[in-house]
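What follows is a pair of complexes built around subunit A, which joins subunit B in one and subunit C in the other.
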Partner chain A sequence: MPKTLRVLYSAFRMAMLHWIADPQWVIPNVIAPFIYTFVALTLFKEARGPFGLYAVLGGGMMGMWGNTLYSSGFAIEFEKWQGTLEEVLAAPSNLLHVIAGKSISNALFGLTNMVAILLIASLVFRVPLGVANPILFAFSIILTLLSVSALGLIFASAFVLTRSAQVFTNGLETPIYIISGSMFPIALLPFWVHPVSYILGPTWGIEAIRIIAGQESVSLTFWLNIGVMLFITLAYVAIAAFLFKKVETKSRRDGTLVQA
Partner chain B sequence: MSLLRIFFSSAVFSFRAQFSWLYPPMWLAMKFAMSLSSMAFFVFVGHFLITTGNAPTSLVAYIAIGNAMTMLSWNTVFSVINITSHDKWDGTLPLLLVTPAHRLPLFVGRAMIHVFDGMLSVAISFVYAVFLFGVNFENADILALIVVVFLTAFAMAGFGLLIGGFSFYFRNPLVFANIFTFILLVFCGVNFPVQDLPQPLQIVSYIFPLTYGLDAGRRTIAGATLTEVAPLLGQMLIVGFISIIFGYILFRSFEHMARKTGRIEAV
Partner chain C sequence: MVAALELSSQLGQASSDKAIVAEHLCKVFNVTKGVLRRTKNQVMAVKDVSFEIGYGELFGLVGPNGAGKTTTIKMLTTMLIPTSGTATVLGYDIQKDVTKIRERIGIVLGGERGLYTRVNAIDNMRYFADLYGVPVNIQKKRIRELLQFMGLWDRARDRVETYSKGMKQRLHLARGLVNDPQLIFMDEPTIGLDPEIAKETRTMIKELVEKGKTILLTTHYMFEADELCKRVAIIRNGEIVALDTPSGLKKYVMDTSVVEVEGFGITENEVARFKEVSEVLAVSADLSENKQVLKIQTPKGSEIISEVQEILKNSRIYDIKIKEPTLEDAYLRLVEGSAK
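Moving on to the complex of A and B:
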């Protein structure tokens, strides 16, 4: 296995093992998106239109983001608490790859939220949940998951330098739900928010997921959304790589990482 | 005098303790950001329904006021439960339990500054509701509203102490802090009336002081006087006091168990 993949896999596996060893940590990550979706489903109960789809798919995306942001915030924090941060930094593996492996693992865990929401939506709220094109639907979800993870990497690089990662984690969760239009069309947002919406990969991802859930034939709009999301995701990875390099160098030079 | 001193020092130290991990400017910034973001999310969900002709325009005011007052829960429920978490993580719990201080003022005092902090969060949220989402406060009896918010914050702090006392038994009270802060959005009539919940769940709604507080708050903003909402406030205070009593019993029984088993932080 190539070295990068091996590091990604090891970090992914370690994060999964941590979740399994201490599953109570799942709750803080998924509770907000779960409750928000439950509230939205109750509000949408009597409404006519694609509201059920918005609530369920938006809730799934929110679950991924909630978990990713949380893992980004705590990826370094947990290492500090456990006294393993120095070892992780001293290892020849790239810190970005370590955090990326954890981030993907946690975004994947966030999908459990989507499963719970799907069950509640169909059993309690009787939302019809037929997916027109299951293969491309799954493909769009996986790409969105990677995009969310890549966005989490950018935040993680900044979180390395602060003692307030936990606070940022709480504070950034809902704004991204709003700006990416997870539960409503972004056209409802003030016009000055739109540029911010468009530079978020999840905005394009959730739109692609909604399109492919509703129609069997693949439209150009679907591929356009996927293409833009991929482009943005690659840009996130490039920015995160640059930031991690900077942050890592600064941390090694100043010797204040553990105290930060 | 000694009881009052314990009450005030417990109040001050419990509040100041959060600044060991949270810089004051960050605390203030988060107060402004979080007040807006949770309200805005649900207001836009409401807008989605309004613009598609599925809800009346009054839904925005309903949601904005509901979320503004629910900001209390971050201070009086989340933060109060989290005091227990930090006592365990920071290793201060054994020190607290060996002090000869009377436990009642020590226990109740820890939530008290969070009551006023919560009122500040609600005030900020009301400003957003008026200036960003056009909620009309023209008929509101402001003095009555301040009293309603204060009493709701106090009763909610009682609820926070109850869950805080309960979560002493668990290794990670943060989990309960998250659960009980967010489920209020479902049960208390924050974004939709309690009557929209299935019948069995509606009973659950009335164990939360916020349900009464929100009802009283909305009525006061619509022009009701303090006398008119007094029955609601009375019911809320009864729920709040019962919560404090049960929370205190749980706290004392935890203390007893911790002393007996020697597993103070781990239980």
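Moving on to the complex of A and C:
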């Protein structure tokens, strides 16, 4: 296995071992989605059209995004708490690969969030969730998760510099959730918000998920959404790599990381 | 020791006859204070530090808290960029060859933190083996050898949070060796350990040197530096104030005796009064225990006993001894008494 993949896998594995060792993830991944779904379905109860799907997917995205954003940012804080950050930084591996491995692990746990939402909506609230193309539906969700994860990676770089980054990312959770059109179509948002929506990978991902949930045949629009999301995700990874390089050099020069 | 350790380095090294060459290293930190009225200050943590360490040497860097030991180590391990000065580690430049240096060195930090306590020792070792790019076909054998060497193999599959302090420190040492480093940086590896475990750790450190490893060790304990190190640098306020063999450093205080006073009720004011006596070169005091110990360095020896009794007339004196100076006394003289 190439060295980079080995580091990604090892960081992923270590994060998974901690998820398993620490069952507090049940709260953000099962209980919180239940509450999201209940609130969303209550809000859209009287509405017509595909709002049941919007509510369910929106609730899922909210939990998933919150989980990934929090966990990716928390990846650096976690190392500080454990006192392992210095050891990890002193290793010859690229810190971006270590954090990316952890972010993918967080994204996978974000997936449990989405699955929990779908199950709760279907079994508890009896929302009809007939998915026309389950394979592409799952494929779209996984790609959207990776996109969310890559976005989380950009925010994680801020944590290399300062723990105050937590305030920054906490403040971004709800705006990004709304601007990406997770709960309702972005057409309902003011037009000046649209450019921001379009540079968010999850905006295209959630649209692709909705398209494929409602139609059996695969349309060009679906693939267009997937393609744009992939392009934006790659751009996020490139931006994150650039930011990590910058903040690492800055922290080595200023000593901010070891003092923090 | 439980098992023999067989390590053979897989990585090459740049051509250099010294493991470390530090030349005029300086590190300045910018410190910002206040919220509304922000003031910026500069703190010089390391000033013009130069030294060399040969291959296979155990070199000690000792000094009080905040002296610049850790900052020096962080620059040499590429975790901090020096403000000025240069250094090579295993022949590689600390600013240009960051990855090459990191691949070839090991870092062992003291204390109970720095380990993933929710997972077991093997998972800790495996994770760092991957971060250091240790080939998978070597990892399994090496991790087993290291954990056996450290006497941890029987508990290797237990969560680290169930380990004692000593076991955690041994795991730190094992983790620091996972990439089979040519050079190991040990930052206070025996801090907080009980005497028996600290002794065990020192024995392991000696064995590593016997196996050809080069070690840069920082410590607060002078007897430890005396026992382990071939040469010792004493650092104070970011500057190296002395660099010699332990016996060479002791010569700094050959002209003095140590008057050791055991007593009770000795106050900080009384200790301060000793510092004002012209014949006293350095004073150290441990006033925390029931039996307080005061060490006074002076060329006058027993001649100052009457003065000691006069200053301590309000305290209880159990015993007064005149002793030959140790490395610790040389350290105290250099760190605290050099103003005199």
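Note that the second predicted complex is superposed on the first by the 247 of 260 C-alpha atoms of A that agree within 3 Å, B and C clash if a C-alpha of one lies under 4 Å from a C-alpha of the other, contacts with A are read in each partner's own complex, and residues count from 1 in each chain.
Everything below uses one rule, namely that a contact is a pair of C-beta atoms (placed from the backbone, for glycine too) under 8 Å apart; a residue touches a chain by one contact, two chains touch by 3 or more.
Just so it is clear, the structure is predicted and the values come from calculations on it, not from any experiment.
Contact with subunit B, but none with subunit C, is seen for A:35 once the two complexes are overlaid on the shared chain.
Once chain A of one complex is fitted onto chain A of the other, the partner contacts of A:89 are limited to subunit C, with no touch recorded for subunit B.
Of the two partner chains, neither subunit B nor subunit C is touched by A:134.
Of the two partner chains placed around the shared chain by superposition, subunit B is the only one that A:189 touches, whereas subunit C remains out of contact. Once the two complexes are laid over each other on the shared chain, residue contacts for A:255 go to subunit C alone; subunit B is not touched.
Using the contact criterion defined above for the overlaid structures, shared-chain residue A:175 touches subunit B, although it does not reach subunit C. Residue contacts after overlaying the shared chain place A:167 against subunit B, while subunit C stays out of touching range. Touched by subunit B in one complex and by subunit C in the other is not one residue of subunit A.
Within the complex formed with subunit C, the subunit A residues making contact are 1, 3, 6-7, 9-11, 13-14, 17-18, 21-22, 82-84, 86-93, 98, 249, 252-255, 258-259. Residues 24-25, 27-28, 31-32, 35-36, 38-40, 42-49, 51, 54, 163-164, 166-167, 170-171, 174-175, 177-178, 183-185, 188-189 of subunit A touch subunit B in their complex. Subunit B meets subunit A in the complex at residues 21-23, 26, 29-30, 33-34, 37-38, 40-42, 44-49, 51-52, 54-55, 171-172, 174-175, 178-179, 182-183, 185-186, 190-192, 196-197.
Within the complex formed with subunit A, the residues of subunit C that make contact are 27, 29-30, 71, 74, 77-81, 99, 102-103, 107, 109, 111, 113-119, 123, 126-128, 130-133, 136, 159, 175.
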